[in-house]
Structures are given as C-alpha cells and as structure tokens.
C-alpha cells in the first residue's frame, strides 16, 4: 500500500507498529520485525549490566536506527517522574531522537494505564520538546485531554497488555475515533490477525503489538499474517463494508430459471 | 502465497472463491474478480432471452474459462431435480467441465439450505460423474453425510446468504472441521474482511463470497481487502496464535529499571 | 405468573421444563425439581436390573405422575425405530400417557440431532397418536417440517447438550420463532440463568434444561435462579425492551441546573 | 430473598436500585418503582419554577422518603464544585439525609464520567460527611482510588447512560470486583433483563438503572422483570454455574438401552 | 426353554409372564414389558404364556434430561 | 433592591427570606435554598434578611436517574 | 406445429434445432439446450429435427454467487 | 570515594566519567548516562569529574513492547 500516516513530524509507511520484547533471541527478533514490514519499532531502556561482556550483541545491532524508526517506551514506570527521566535517557541514547512512547501503568496485575500520572507526564514531556505517542485507557475524555496537551498520537488499549483477548470495548474506541484529530492507534490486546483487522475496520490509524507476534508458535509467520491483517483491515475500512441485513438476499438472479 | 488447496481433481492457488452476482456491470465484475486474485469463480445458469441482441456482452467474455475455474451454481433451485438439470445444462454449456456448486435452498426469506433435497441431489450428481462442491447448513451430521456421498468440498453457511452478519456459529464450523477430510469452505455470510479472517483462523480451507465484495462501496478495493484477509487468516492459523490470558503480562522486562 | 402455555392437549403453568439426570441422588433430584417450579419433568426409560432390590427407590416415587407432567425422552436412541419402541414402552409404563420428547441423536461427541431419522420417527409417532415434543437442530426448514408433521412443540438446541455454552445462534432461533405456530422451546445448551433469560427475551415459549441445574455447585439454589430467569425473560419480552442507542441519553433533565 | 447489602450505614433489602427519570408522569413513576421492589431510588435536584402552581404534585409525594431510601444525584454537573453544591442542597432538602450519588460527566454526547473531577468532588464530599455512592468509568485504578478516598459504593458504567447496550466490558468489571471491598454496583447501560442478570452473575452487589424500565413499552411490567432478573442473577452467582464444556455430555444414562 | 430378557439369555420352565415377573419381584412395580417387539399391556401379563425364543425388554423410569 | 433568584434578576423591597418564600407560595414546600453559595437551613428562613445583590438558588426534587 | 421454448409457446414449421437456433441468432453463442428434459449436445444440433410439442430450455451463463 | 552506579555502591579514586566508563569497557557502546538526576551528554564525558556521593544511572536499549 502506498498510503502513509503522519505521526507528529514522522511519516510512517506501515500502519503496523511492533515491539521487540518476549522473543527467544535477537535473531528471531530481527527476522520477525522484518517480516512485519513495520517501520516503527518499540524498545525499552534498562540499566546496563556493568560486568557484561562488551561484545554481547545489542538490540540496536539488529534493529538499526538507520533502518527503523525506534520508539523507546517507558514500560515499567509507575510514576510520571520515572517516565520523564526514562524518556530523557532514551533521547540521549538515540542521539536526540525525540519520539517516545509514554506509558505509566499501575503495579496491579492488569498493568492498567494510570491516567492521572500519564496526563502529568505528558504535559512535562510535551513542554520538553518530545513528540509523545501515549498509551492510555479507552476513556474518551482522557484521550481528548491527551490530544489537547499536544500528544502526537493517542494509543488506547484494546485489552490488557499481553492478554490477547482482542478489542474489549469497540464502543469506546469508536467514540475516541469520532472525537480526535491526531492518529488513534490501538496498543495492546491483539491476540490474532482478525483482532488487528477489526481494529483497522473501526477506522484506527494503526495498531501496535508485541506479544501476539512474539508468542505465536511461529513468530515470523505471524508477523506476515499481521502485516496483511493491517492492510486488509485498512482497505476494508476505505472500501466501505456492505450493510448488515436481517434477512437473506440472493446473490444470483431469481428470474429466468428453468422450469 | 505458494500453498494450494486440492478440491477433487482441481488444484486451487487461491483460498478465496468469489461470485459474480450483484455488480453494477460486467466491467466492474471483471475488475473486482481480478483484484480478488481468485481462481474459482461462480456463475449462474439462466434462460437466454430469445429476442436479445446477439452482440450483447456475455459473462464468459469477461470471466474467461481459459483463465478462471468456473463454478456453475444451482442458485434458485428449490428441488433436487431442478438442481440436477441445471448442473447438466452447465456441464454442456462449459464443454464438459464437471465441477459444480450444488445448492438447493428453501423459498423462505432465509434462503436456508434444504438439506434433505441437497442430500438427494448430491447422490445423483456424484453418480453422474460431477465433482460436487456443496453448499449446506452448519449441521455437522449432514456435512459428514455429504462427504460420505462423495462431494469434493463441503461448504457450510457462515450466515444467511447476503446478510453480511459474519460467522453465526463458529462452534458448528469447528465441529465440521474436526470431522471432515475434504476441504471445508465457508460459503455465504461474510460481511467484511475480518469475518473472512476469522473463518480462516478456525482452520477452514477457504471462503466463498459474493455480496461482501459486490455491495461494498468500492468493490474493487474490497476485493483486494478480502484477498489479503484470506491470506492473513491462513497464515495466522498456520502460525498458531498466542494463548489468551485472563491477566496482563508485560512486554518489556520488569527488572533493570532505573530508580 | 398466571400465564400458561398450551402444548398439544396439555396446559403448562411453568415455562421452565426440567430434566432429572445427573443429580447426586433422588433426594436432591426431588428438591431441585420442586425449587424449579416446573410442571413438565423429563425422564428416561432404561432396562430394569433383574437382580435389583425390589425396595430400591424409583424415580417415580420422588417425581410423582400425579403431581408432575412426566415427559419420557428417547435419549440414547440413534435410529427412528429405537425411538419409536422407546416411546411405546414409555406410554405403557405411564398408563397411556401420550406426551413424549423425541430425540434421535448422532453417536458423535456433539450428540447433534439426526434430523433425517428425527423426521421419520416424528411421522410414525404422530400417526400412532403420540403428542410429540421434538428436539431438533436450529435448522429453520426442518423445524417447519416437524410442525407440518404434527409435532406439538419444536425444541431447537441452544448449544450442544450439556455444554453450557448458551445460545450459539440466536439468528436461527429467531427465524424459527418467526415461522412456527406451535410452541418453540429451547432445549439444551443453557449454562446459567442469563442464558435462559436471553432465550425467553427472543420470544421462546419456554426452555428445557437439565445439566445447568444438576451440575451447578448448589443445584437447588440454581433451580430457583432458573425459575426466576424464565419468568424475568418472559416479562421482559412482553414488556418490550427499550431501543438500543448509539449515543448516551441523560436520565435526568438537562435543564433547571443551578449555576 | 432475605439477603441484604450494606452500603455505608444503609442496609438495603433489594439489589435493584432505580431512577425516577423519563416516565410519562408521576403516577407511572410510582407504579413502576413499586413494581421494581427497589428501596434505593434516585432523584435529581433542580431549580424550582417560581411561578408554579403550589398544588402541582411533587416527586416526593409519590416517592416518600419514609418508604424509600432516596438517592439524590448530581446529574448534569460538569465540575466538582457544582456537584458538591448540589449535594449540599440535596442534604438540606432531605433534612440532613447524607447518602448521595456523585456523578460528574462530560458535556460530550457520551455523558462519559469525568474521572479527574469525580475524584476531586469525592474527596470534598467524604470530608464533608457525605456517604458517597460514586458513578465512574470501568477504569480499575480509578475505582480503587475512589474506594481509598472513602466512597461507600463504586458504580462503574456498564455502557453509556441510556444506551441500553448492555455490559460493554465485563473484563474490567470483573477486575474491579476482584480488587474492591466496598459494594460494586453497575450503573447505566442495562437495556433488558438479561443484561442485569449478567451483571449480577459476574458478582456485582447490585445494579442501578432507569431508562431500561422507563422507556420499555410497558414500564411496570419491565420493572417486575428487572426485579426477578436481579434476584435470578444473584442466586445463579451464589449457586455457582456449571463449567462450560467444549463437547456435548449426555443428560441421560448411555447404558441400559433397549436393543 | 430359553428366552432373552434385557439382552441376557435365561433358561426357564413353561410359565406365564405374570409368574415370571412375580418370581423376579417385578410384579406391581412401575415397569413396562415388550415381547418380541410388541408391547404387552399390564392387563395381559397373566394371559401371556412365555414361549421358547421369546425376547423380552423390561424397562422402568430413571432420571434423564 | 435587586436580587438574583434561580438566575433571574428581581427587584424587591427589604424583607426576610421567609417573607419572600411565603410570597412565592414556596414556604412549607419541600425546597432547599442556597444564598450566595451557602446553604440556608430551613430553621433560619425567618432570621435571614435579604440584601441587595443576594444570589439565591431555590431547588426541589424531580425525577432523575 | 407448436413448441415451447423457455416457457413460451411458439408456432414454427418443420426444421432442425440448428436452423431454429440460427434464426434466433443463437448459433455459435455460448448456450446449452435441453429438449424434453434431456441435454442436446452441440454436436447434434443439426441432426435434431424439432417435433410438435417439443419443450426446449435454452440457457447461458450470467453473474451469480 | 564512593559513588552509586545503577543502584550499587562502588569505591573509586578521583577520575573523569570518561575514564570510569572506559574502565568498564562501556565507552563507545550505545549507552546513556544520568548523573544525580541530570543527563550527561556523550560530548561531556571527559569533562565530568566524578565526585563522592554521585549517583549514576547507565542504561542501554533492550527488547520491549
């Protein structure tokens, strides 16, 4: 597909955004990411093990910043302050690259977005010149507020991170789509290809996923499936689906039959 | 994709089978069929209008039997006898081509398959040397019986013809898949791309559709969407989806965080 | 509730029909059936163990034919012939009582109704003077044919027997309701109270269940729940539900607010 | 049923809480509320029309504070300040009665809860000695925070107010139930009886509704349906439903059949 | 002589169905009997004399759904 | 002098809140009154003397969900 | 003589099926013909002589699902 | 003197951040450094002299979703 989406100052060729967690190894990571066709790839920032072997392979060796648009996330941060510090470290790490994925989540097993801390961190980061793609709940009002703050993309969860349950509340996602101007990208919750297609058919600008690909039995093949699922859903959205009908309607003419 | 499906003596390159009804004109029909990538294309058999202009374009001019595998259907037949006569006329019309889509449906507004008449027609046609792809209900026992009779593919409805409601009873479709050896192809009921993906993710060998493409606002674009949806669903089925989880599961490591 | 349903020559006070299988013992059976408020109670017919102790309690001691309308079933029969013989034995066993539940199911793990054998047995039984309540699939045409044969109630499955999955195909059930005049009673598939309520809200005349009560942790309490669920669903159907709305609509006046 | 629920200092006999909006007239209001069996009844506070006839009937004449536990709401308030003022007026209006329903909603057509303003108003009201039943989104973290603030009941929406769409996100409701100690009462979104039953089967302590009853064709009958639906769902929750099964499981013994 | 009852072969002497059922303490119990494919009404138990090769099905009611 | 009641400006003479409510036949009705942002308890209606610029909100209960 | 073609009765003179189809400009078109319930192969159009009372069905392919 | 690096206390002699990183073979690797809450740009590694009580966070990129 030749269509693109504009996220802040970045023009993306693929509507599929992918994570790099949970893979068996960096080799599988690289092959799956390549098969996905994504150009935005998320990564995490973690403390360097001081003792470690200097020749140990690094994520950035397989996912080159020259080839992919890296999207550092703030996964694991439970406060606005930690999220902001993490973003600043990421920006330095990537030589001034200012696109970040903000997520501030609770410590509870749902890993549910903490919308109050998220709003606070978003304000600080936007003031500090970051282009913020923000992970949030499916609360339409919070989504509107995040757009007002200046986030370049709003990314409501489809279902809990890593659950693979598929879109739990299409109503709210549609509501967000009806009210926002910046790109709305479903983040988290997709379990299989059709879940991604459904999100795109609702009119989302894109889908961000990690576990659905990394934990499939064959991640590289699932990455291909997701790439097609996203394109398929977007095309279906643009094509405009047939109306649902309560009763059947013959596909072949009901006249001119032999007797 | 290089994988193929074997239906009787026919080897199909595409898992998407399409109809030719309900299009604005033959030109749109041709362009949509081409965009779908299908190689099996259904058609109907109807009385020739005696008065008609001999130069009037004919379906077979746009859908050439040399390029596509034509699948004449028995749509509109309400008895086994009419269905059998229609198949014989189709075979003559296509110079001995013996692949047919058998459907015997009720006159009721559901156009629901008449399984008793369908069983009877299937027996006659198989004896008469036809390769029968049979449209039926999602009754697992009837599906088994149709396979036993010798049909080369069993095609349970996903939802009423032309309703676009999507798979109404995945349980029965799965049941049929668990028990049959011949290809199971969902026929009718698909409304948008994700419906087709869902059918393929269940493990169906293919999907046959008409209205979902022909009545989309942009049929050619929807045809492309459906082509990708089928490939995506098949890949996802082969890749093996991640398990669904009741609780969230972080995609980024929860250790090594800054403090 | 004072409303009743007419099934052939029988006037039923309760729209809940219950089975007597799978209980821990006859005492629990009796208490659960009583709590359900049902007046139609199904039973099975089986060979008498010749050696057995004559004083061993008998189902009919707890479920007295004087108090309940017994509904002998043909569960376990895989052919029309066995079903007919079983019904005749049941009629003799119950001193000429001619109301029976006909079910002819496959040997497959789905226990799916064998509609061809069912149609054949129904014809024989109706000719032989039985009042036939027939268990069948959700095939709308077969349901119509069973009514035409003279069955006094048509009982489509909601989901596989004992699965507790709830209504799998409300579309077909609605289709059957739109077309039949005799009572339509959902039989099998209910797992919890709301499943029964949903069936009644569709307009069914009643629901027949067994496992949902017998295999609940507390069968007697679940029997009470089901009794209320059926009444609730019927009342809701008669009351006429509010229309679904795409957008919110305030319950309190939006004028006269303080400022 | 003899079981009760404790909400702050109030012991409620019915798990069904009802609103008084949208009825044709006060007479219908009174009859429907009575049929519902509810003891908690919501009301709104609005400016008195100065010119009005002193003998004009008043809501409190039909819904007597002596008979019902009145629950004044803050519907229509879009800020914490207006909500607090409204609660204080209500307390004065009801002679010191301190139980209130707090809702601060957006002006958007979703009438979605404004969780930030709601948190702020809840703090003020709890400090001011009110017993606060709070309407909120299905955000599990916000629900936890509202409990921590001291609200006596947390009432997440099932679906947008007045939409009648039924529970949109059971996953989040279950999440809230798993984490809170105070009663969780689904407020808004119920459309018909089975929706209420489903909410109770999840383990909710109660359901608050208005439109589903008031806008039914026959509100009084729907009120009876809802009363039974709530009792049914609670009983089913306590009884413990049967496990769902992938395959069928016969209700009648499969041995001892005639041959 | 030999008869088959509920699938098992039994060797008995000449007797009426009533006597047979009585020996098995089934008389007066809530049962129904099929003999060679035909129902035997309770009222005829005493008149029916069992014959060599008779196939009997004797059933009663049990719990079922 | 002028006061605002439920958003509308009214010109009245010096009087107690009780008198005002009584003139509007609101006395004894189930209402609540807020004056300049503070609740006025029923018990104090007679003591409260309305002043120029007072802002009153007078409310009652109506149907709501 | 009279024949029925696609449900309509026509009066024609003695002729072969080929001649009939040719008059209707259907010869060489993608059609199939059933005569009195049996298929008439294209190869036999010329040999088949229409008879009084013949019932013909002449069909072609059209769009269908 | 003592400094804290990624949460662990270390005793080192007076030196620049560059020297420290070089000793740990981290120089030239894709890392970022925060010192007492503030980012230290790569360009300033040589100028920054570590002081007693400094708190360093040294991070790199890893897989995450």
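Just so it is clear, A, B, C, D, E, F, G and H label the chains in written order, and each chain counts residues from 1 on its own.
Keep in mind that, in the parts below, a residue touches a chain if its C-beta (ideal position, glycine included) is under 8 Å from a C-beta of that chain, and two chains touch if they have at least 3 such contacts.
Since the model is a prediction, treat every value here as computed from it, not as a measurement.
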Where subunit B and subunit H overlap in contact partners, by chain label: A
Count of contact steps on the shortest path from subunit F to subunit G: 3
Reaching subunit H from subunit E through chains that touch each other, fewest steps: 3
Option in A-G, D-F or A-H whose residue-number contact pairs overlap B-H by over half: A-G
Centroid distance [mean C-alpha coordinates] between subunit E and subunit A, Å: 74
CA centroid of subunit G to CA centroid of subunit H, Å: 94
Rounded Å distance, subunit A centre to subunit D centre (Cα mean): 35
For subunit B paired with subunit G, centre-to-centre distance based on mean C-alpha positions, whole Å: 32
Contacts with two or more other chains, residues of subunit A listed in rising order: 19, 21-22, 44-47, 73, 75, 85, 89, 110, 112, 160-162, 165, 188, 210-211, 214, 250-253, 256, 258
Subunit G residues counted as touching two or more neighbouring chains: 6-7, 34, 57, 59, 62-65
Chain pairs that touch, as defined at the top of this document: A-B, A-D, A-G, A-H, B-C, B-G, B-H, C-D, C-E, C-F, D-E, D-F
List of subunit C residues in touch with subunit D within their complex: 19, 21-22, 44-47, 49, 73, 75-77, 82, 85-86, 89, 109-112, 160-165, 188, 191-194, 197-198, 201, 210-212, 214-219, 221-222, 224-226, 228-229, 231-233, 235-236, 238-258
Sites on subunit A touched by subunit D in the complex: 106, 108, 110, 112-116, 119, 137, 139-142, 144, 159-160, 165, 168-169, 171-172, 175, 179
In the complex with subunit G, residue positions of subunit B that touch it: 19-23, 26, 29, 42-48, 50, 54, 58-60, 70, 72-73, 75, 85, 88-94, 161-162, 188, 209-211, 214
In the complex with subunit B, residue positions of subunit H that touch it: 7, 34, 57, 59, 62-65
Touching residues on subunit G, where the partner in the complex is subunit B: 5-8, 24-26, 29-34, 37, 39, 41-42, 57-65
